[in-house]
Each structure stands twice: as C-alpha cells, then as structure tokens.
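Labels A, B, C and D are assigned to the chains in the order they are written; within every chain, residues are numbered from 1.
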C-alpha cells in the first residue's frame, strides 16, 4: 500500500519518498504544494492526523523541519510528510481546513518555534503564559536563564 | 418547664445543635461505611467530636463579602433562612410533652414555612452577584416549586385521613391501618422531601461539578455554616413531619417516645445516605419532567384514593 | 433570560450571541452568559473551559489550557538517554509505564539495541497494570462528576493493590521510573509476581462483581449518560478523537493490535469497541478494557521467560530518528525521537492523546445542557499533565 | 414502552440502592495506621546512604542524576578525590544514581527504606538541613590518608630499594 502511495506521489507531485520504518513512509515535500499533497493523502485514506512535529536544526545549519504525521486507521499505515524551512523564511500554508485536528497543533508549533502557518485563524498563545509570547522556548537558541519571568519585588 | 427554657434547651436550640452534629456525624460514618472507609476516627471517641471541630473551624474563618454584593442583604439572608427553619422545628412534638408550640394548624404552618424558603435561597444566590450563585439560585427556585406541589398534596392526603392538622392528635390517631393506607403518600412525600431539600440525587442547585456550590458559592465561614445548617434543619423538619404523619411519630412499645421518634427519623436518614452513595445526580429538565409528569399526577391520584378510603371508613 | 437580566441592571458579562457563535441569527439575537468552568472548579482540573450558556443550553465552549505546562519536550533535551525517563514518565502520573515504554522503544530503535524477551514481558505486565490503575480512576471520575463518590473509593481500593505491587517491584508507588532504554531496571522477583497476582485476583474476584452490580447498568447513570456527547464513527475520525473515546465510536484503533510492541504480539486479547459513541459507551469501554488487561497480565505472567532483564544501552547513540506509537491508557501516544549522536535526545516530540481530545470538545459540546458539560468532559478521559506536557 | 420504563425505573433504582447497602456489612479496606506505623518494602526508594569508605569518587552518580542534585565534594585526598552529597530538597528519588554506581558488590550510594526524613517544615532558610552527607567521611579520609602515607612509604621504600639496586648494579658495573 505504501509502495502505491510512493509511486503516486512521485507521479503527481514529483516528490521523493523513502521507507522510514516498517509501516511508515517518509515523503520529502515542498512548502508550496504541501496543502495539495495532504489533500491527496487524505483522499488516499490517511485521514487521521497524529501531530505536527517541528525539529530545530539551526545549530547544524539546516534550518527547521516540519513533519506532518498522518495515519491510515483502517489499513494501519503511517505517512510522514517532511517540509524543510530555511531560517529566514518560517512560513508554511496552514492545513487546518483539510485536517481540523491539526489546527491546535499548528498553534502549538507557532508558539513553541515561531513557525507561521499562513491561513490559520487562531495563532495565539495557548500553552505558554501571555508574557512568554514570542520567546519560542523549544528553539535550540532559547536560553532559559535569560527569559525568566520578571519576579515581583519583595516587600 | 418554662416556655423560654423549652425554646432554648429542650427541644430548642441546644438540643437541635447536638442533634445536627450527630446527624452529620452519622452521615459521614454511613457514607464511609459504604465506601469501605473508616470515616471520622481521631477526634473524640470514634471521631464523635469531628463535626464539632469542623463547626469551630468554620467559626474561626474570615468574614468575606464579595465586592459587588449587597452587603446588608448578603449578611442578613443566612439569618433570615435560619430563623425561618427554626420556626418549623418549634411545631414538632418529639414526644408527648416535648414541643415548643402546639396549635390546631401545625401541619399547615410547617408546610407554609417550607414554601417560604425558596425565595430566601434564591435571594442568597441573587445577592452574591456571582454567575454560579445566580444559576444556583434560579435552579433552587425551579426545583423547590416543582417539589412543593407533591409535598403539599401528599401531606394533605394524610391530613384528610386523620381529619386534623394538629400533630399530637395525628400521632394519637395513627394506627397500622393509617400506615398502610398512607404508604403511597409516604413514598411521594419522601421523594418530594429529597427534592425540596436538595439531597442527592436531586442536589441540582448545589451540584458541585456543574455550578460549584450553587447559591452557597460566595458564602464563607459563619455565613456558610448558618446557610448549610438551615438546609439541614429544613430536611430535618420535613422528615419529622413525615415521621409524624406516616410512621406514628413517638408511638412505640417499651422505650420512651422520644427514642422511638429518633429511631424512625434515623431510618429515614439512613435511607437518604444510602441513596446518596448509589444514585447519580439527575438533570434539571429530567427533574422537572419527573415532578410534573409523574410525581404530581401520582400525588393527585393518591389524594383521590385517600378520600375514597375515608368515605368508606366513615 | 439574557435581555431581562440586562434590563434589570444586573452587571454580568453578557456577550452578543452573534459574536460568540459566529452565526447570524437575525432577530433572535440574544445576549449570552460566559461561564468560566475552571481553573478553580471542583470538576475541571487545572484547565479552563469558557462556556457560553443561553439559559441552561451551552452555545459554545472554548478550552483554555496550559496551566500545568512543564515543557517536558525541552527538559528531555538536557538529559542523557537513560535519565530522560523521569521526564517522560511525568507526562501523567496515572499511567507512567506506557510513556516510558514508548520512549525506550524509540531509543532502542535508533540505537539498534535488541531487548531481552524477559524485559518485553515485564514491560507488558507493567503497562497493562498501569492501564488498569489509570482506568480505575477514570471510571470513578465519570460517576464522580455526577455526585456519587462511591465508585472512586471502591476503585481506589483495587488500585492500592496494584500500587503495592509497583512498590515491591521498583520501590515507589507512583513515578516508578522502572522502564529504561535497554530493558527494565529491576528483576521481577517472585514477590512482585505474587503481589501482582493478588492484585489481579482482587480486581477480578472482589472489585468487578461489587462494582458491576451497582454502577454498571445503573438506571440513573444511564439516563444521564446514554445519548450524551454522541460522536459518530466518521465524526470521531474527523475531529481526531483518541484512545477509548475513539474506540467507543466504533473505530477499532489499538496500537497493541495494529503495530504490536513489547510482548503484545504473542498474547491473546481483543480490542474493545462499541458502536454507540456516547458518554455511556466510553464508560463501558473503560470497564471492559480493565477486564481485558487483567487477562493480559495473567497471560504475560504465565509466559514470563527466564533470562536477562536488561542489556547495556550505549552512552552515545548514533544519529537517527524514529516515530514510535504505544497504546497508552488514554490512547495512542506517539514519540518522535531524534538523535544527533550525542549522549542525550536531540529532540523529542510527544503526540499526546488528551491534547487531541481536548480540542475535540468544542465539536462535541454543541447543543448540550450545562449539566452535561462535566459528564462529557469526564467521559473523554483526559489527563491534564498530558494535555500540557 | 414509556409506561413500562416509568414503572421499572424506580424498581431498578431501589435494587441498586439495596445492593450498595450490602457494602455496609463488608470488611473495611482502610486500617488505622497511626500507632502501628507503616512498613515499607525492603528496597523502597527512600533516604540515601552514602558510604565514604566504599566510594571511589568517579562521579558517575552525579552524571546520572536527572535533576542534578548530587554535588561531588572534594575530599583533599587522592582516593576518593570527591564524594557525593545529595540535596534532598531537589532529589526525586528515582534511584538512577544507585544504578550508575560502579562499586561491587556493595554500592557506595544506596537508597534505603527510611522514608520519614523531614522533621521540620522545609523552608528556604533551613535548606541546608536537607542534605544527605556521606557517612564516616572523616574516618574514610583518615584511612585514605594513612593508606596514602603507607603507599608513599612503600613507594619510597621501593624507590630506595630501586636506588640501592641501581647503585649496586652500578657498583657491579664499575
């Protein structure tokens, strides 16, 4: 089944894909056609989104990586769509209308890494306190000693 | 005994207070037994003083008034509620001699005071000026009004059967026949009592998980204690009326009357505690449907039945 | 209700219905009352649900989470491969074995370490015991929000027996940190097996009959839960429900069966599903899964092989990554673990099932009564530590 | 159908109520432990015991600690160069330090079944009370010093012997 998807993705989009693990297919996608690709994958039966996993590779000079992990609940297969971003341009089109459950995941990725999902209606602080907006704590460059909450002065 | 001594000591305030501490203790112990726990244990012998300690804890607490609340009404409402419920108890004969007042319209008086409680509790929610209190207040009015109709109807059935409203006369007239004839009325009365006094499974106005503590949310310390106490006394009064009307009050062999009265009362309470441990809370719309579509028609039918029986007997 | 209150000068925060629900209601426009269901609320736990009510009807809810955020994903980056387990297990205190097992399997996959068979079996026993421990609290929680605390207390008695077994095994009752990359940390002694069998015996012979005859098929419980928070099969997949909630809607999704890990491939068990998809179905799924887990534990104890329980795990793990799922008590927990060749994880992304469920709430809580909010909330069986991580 | 339901509902509810009441007769699950005390399992992960005479000062425990609550305190002797000291207020009692300790057959750092440790409220001011120091540290240091002296002596003797031997051999050469 994953072989079929691999061939079809190659034919339709021209994206390379490789087996990631047993049951998991890794697709190297591009930012501009990620929406089309995810729509295509949903039609293929990968209709249960797991998460958006962002990896910060900036210390290694590679920018950011956005992984969409989708599951086919009935065929029991996974697909992982990987989009690489450069450090200067952290924007990805949002897929909240294709996969509604991914909307909060996009929100989390935005507040933790600062990746902007264009079209997401609700990019606001969710897990972090209000004062921590824009600190992007899961980035490798985040120094937790610097960003302490300004403590109340003692009486 | 002097009248004022009666009101103050027995069967007045002091007696009432001890009875309530014991009822509260009993509730905790029974619930703990059902939960397979030990319950209160360390304060006093078998934890008997635990509830007393809790009362003193509440007395020590700070007197908090919500900023937006009406200060006068907020502090006044608990006392109004308390005075009203204590008046109910004054009419109840615990034995042949131990009562504060006895009139020819005892039953009417108690039921009228019970009916008067609903606006008091609603105001308690209203003057708190808090969302949850307000919803709790609305719920309590809804619930009490729909519970009062069956309560009145079933109590009136007993009054029709005995032909009097005086409690002591009712007790003297009661017999095994009256118990059997009034059994349906008794069941309706107990259910209505649970509804009126917000006992589980009808604790909708105070539903902790839905509206925090309903109209009690903003009250703390002494105020809270008084309000909760008045709720408890209300149930106590209604149950006492139930015991008098349907279970023969202080009548009973060998033991003194007051002991029989409290044995019967304790059985009723035991029933409510076990119900509390097994029956989940129902929803407001379900309660209203139950009250108006099931309980009230049943109570009316029961009234007709009792009148027919009365016709045949006389 | 709305307009009359506003007219009487009552100063609640009332909001235009149109603004809240986003739909044009024309002349029917009313003002709504916003309730803060949480953070300090008897049934909410450390999270807030903004509930807009019209009288007794809920118009819209909006979860506000993040009150127990610990940034576990960041903390893991400061740990070594072995001692990262103390962060992973703290995703939720109720079932800590599942998360540790998932992390360990991911780390072993990257390092290419083969785990001894005995460790696999011990992991299975522990994970299932953790599931039982967690589900017992879940059962109590669902009935508990309806004002009856008896189920919670009875469930805690059965839970204590399992915690005793954990203590014999690892020395702690909760937060056992007992599953590490490379196996398990402690030898499953005879005493541990004995305690575990005692616990399962108690569960099957005392707890299940006692609980089942009162709180299963309870008429009052049924009128409160049947048909409440109904989610169809398609809807459940679309809004991304996870775990018992997904299975209660009729989707047979169970990682233990679909992608067997540990010793699950060799054991015989069935995936509990129900078709109704309402709060009562979710309650029954928990109830049946407890019995199923007890059977798995018995099988695993019977088939416990001899041999080593731990192999050496390298200090430095070669670069690589893995995405591993485990069936946690609350659903499918995913670990996207990345190594850069260092002494600790480079990045760990945890896919939390409760996070998926909490964002399904706005869809499920449409046109319900205010009194149903806690029921639906508890029946989705979420853990706040898991939502926030 | 509805009438049937209305009739069966109170009956069913009453049944459940009576069944719950059965629990009133069942034995209690809790027990009064106050005077009896609690018995912990033998390898309960409680207070640390650090044996200075066994410690080799490798610092593996400090490296394995996930919360970095173990400090290596220098002793001033060569072996052990430093001994661990546990800040109990930060410790999460995971026992990973015990796993990491390389001494055999007995571990130098061990978690015991002693669990009642805090006798006073732990405030910021008395944090230093909640530190698990190594046991018999002074004796161990003295012993180590003696050992060092002994080794030194032996070394010197060996050196002397060597020197003498060299001298002898040199003499022989000459």
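Just so it is clear, a contact is a pair of C-beta atoms (placed from the backbone, for glycine too) under 8 Å apart; a residue touches a chain by one contact, two chains touch by 3 or more.
Predicted model, so just to flag it, every value in this text is computed and none were measured.
S.K.: Which chain pair shares more contacting C-beta pairs: B-D, or B-C?
M.R.: By the number of C-beta pairs in contact, the winner is B-C.
S.K.: Express in whole angstrom the distance between the two chain centres, defined as the mean CA positions of subunit B and subunit D.
M.R.: Going by mean C-alpha positions, subunit B sits 58 Å from subunit D.
S.K.: Using Cα averages as centroids, what's the distance between subunit A and subunit B in whole Å?
M.R.: Whole-Å distance between the two chain centres: 60.
S.K.: Where the CA atoms of subunit B average out and where those of subunit C average out, how many Å apart are those spots?
M.R.: 41
S.K.: Could you grab the centroid distance between subunit C and subunit D? Build each centroid from C-alpha atoms only and quote it in angstrom.
M.R.: Computed value for the inter-centroid distance: 32 Å.
S.K.: At least two partner chains per residue is the criterion; list those residues in subunit D.
M.R.: In subunit D, 13, 16, 19-20, 23, 26, 29 touch at least two other chains.
S.K.: Can you list every residue of subunit B that touches 2 or more other chains, as numbers and ranges?
M.R.: Where subunit B meets two or more other chains at a single residue, that happens at 34-37, 277-279.
S.K.: If you look at subunit C, which of its residues touch at least two other chains?
M.R.: 150, 157, 214, 218, 220
S.K.: Using the contact rule from the top, write out all pairs of chains that touch.
M.R.: A-C, B-C, B-D, C-D
S.K.: Would you mind writing out the residues of subunit B in touch with subunit C in their complex?
M.R.: The contact residues of subunit B facing subunit C are 34-37, 68, 129, 131-132, 134-135, 200-201, 203-204, 207-212, 276-286.
S.K.: Which part of subunit C faces subunit D closely enough to touch in the complex?
M.R.: 79-80, 82-84, 86-87, 150, 157, 160, 167-168, 170-172, 175, 177, 185, 210, 213-214, 218-220
S.K.: Help me check something: in the complex, which residues belonging to subunit D touch subunit B?
M.R.: Checking each residue of subunit D against subunit B gives 6, 13, 16-17, 19-21, 23-24, 26-32, 34.
S.K.: Residue numbers of subunit C touching subunit A in their complex, please.
M.R.: 65-66, 69, 71, 73-74, 109, 237-240, 251, 253, 258-259, 322-323, 332, 334, 336, 338, 340, 346-347, 349, 351, 355-356, 359-360, 388
S.K.: What does subunit B use to touch subunit D in their complex?
M.R.: Against subunit D, subunit B makes touches at 30, 33-38, 41-42, 274-275, 277-279, 294.
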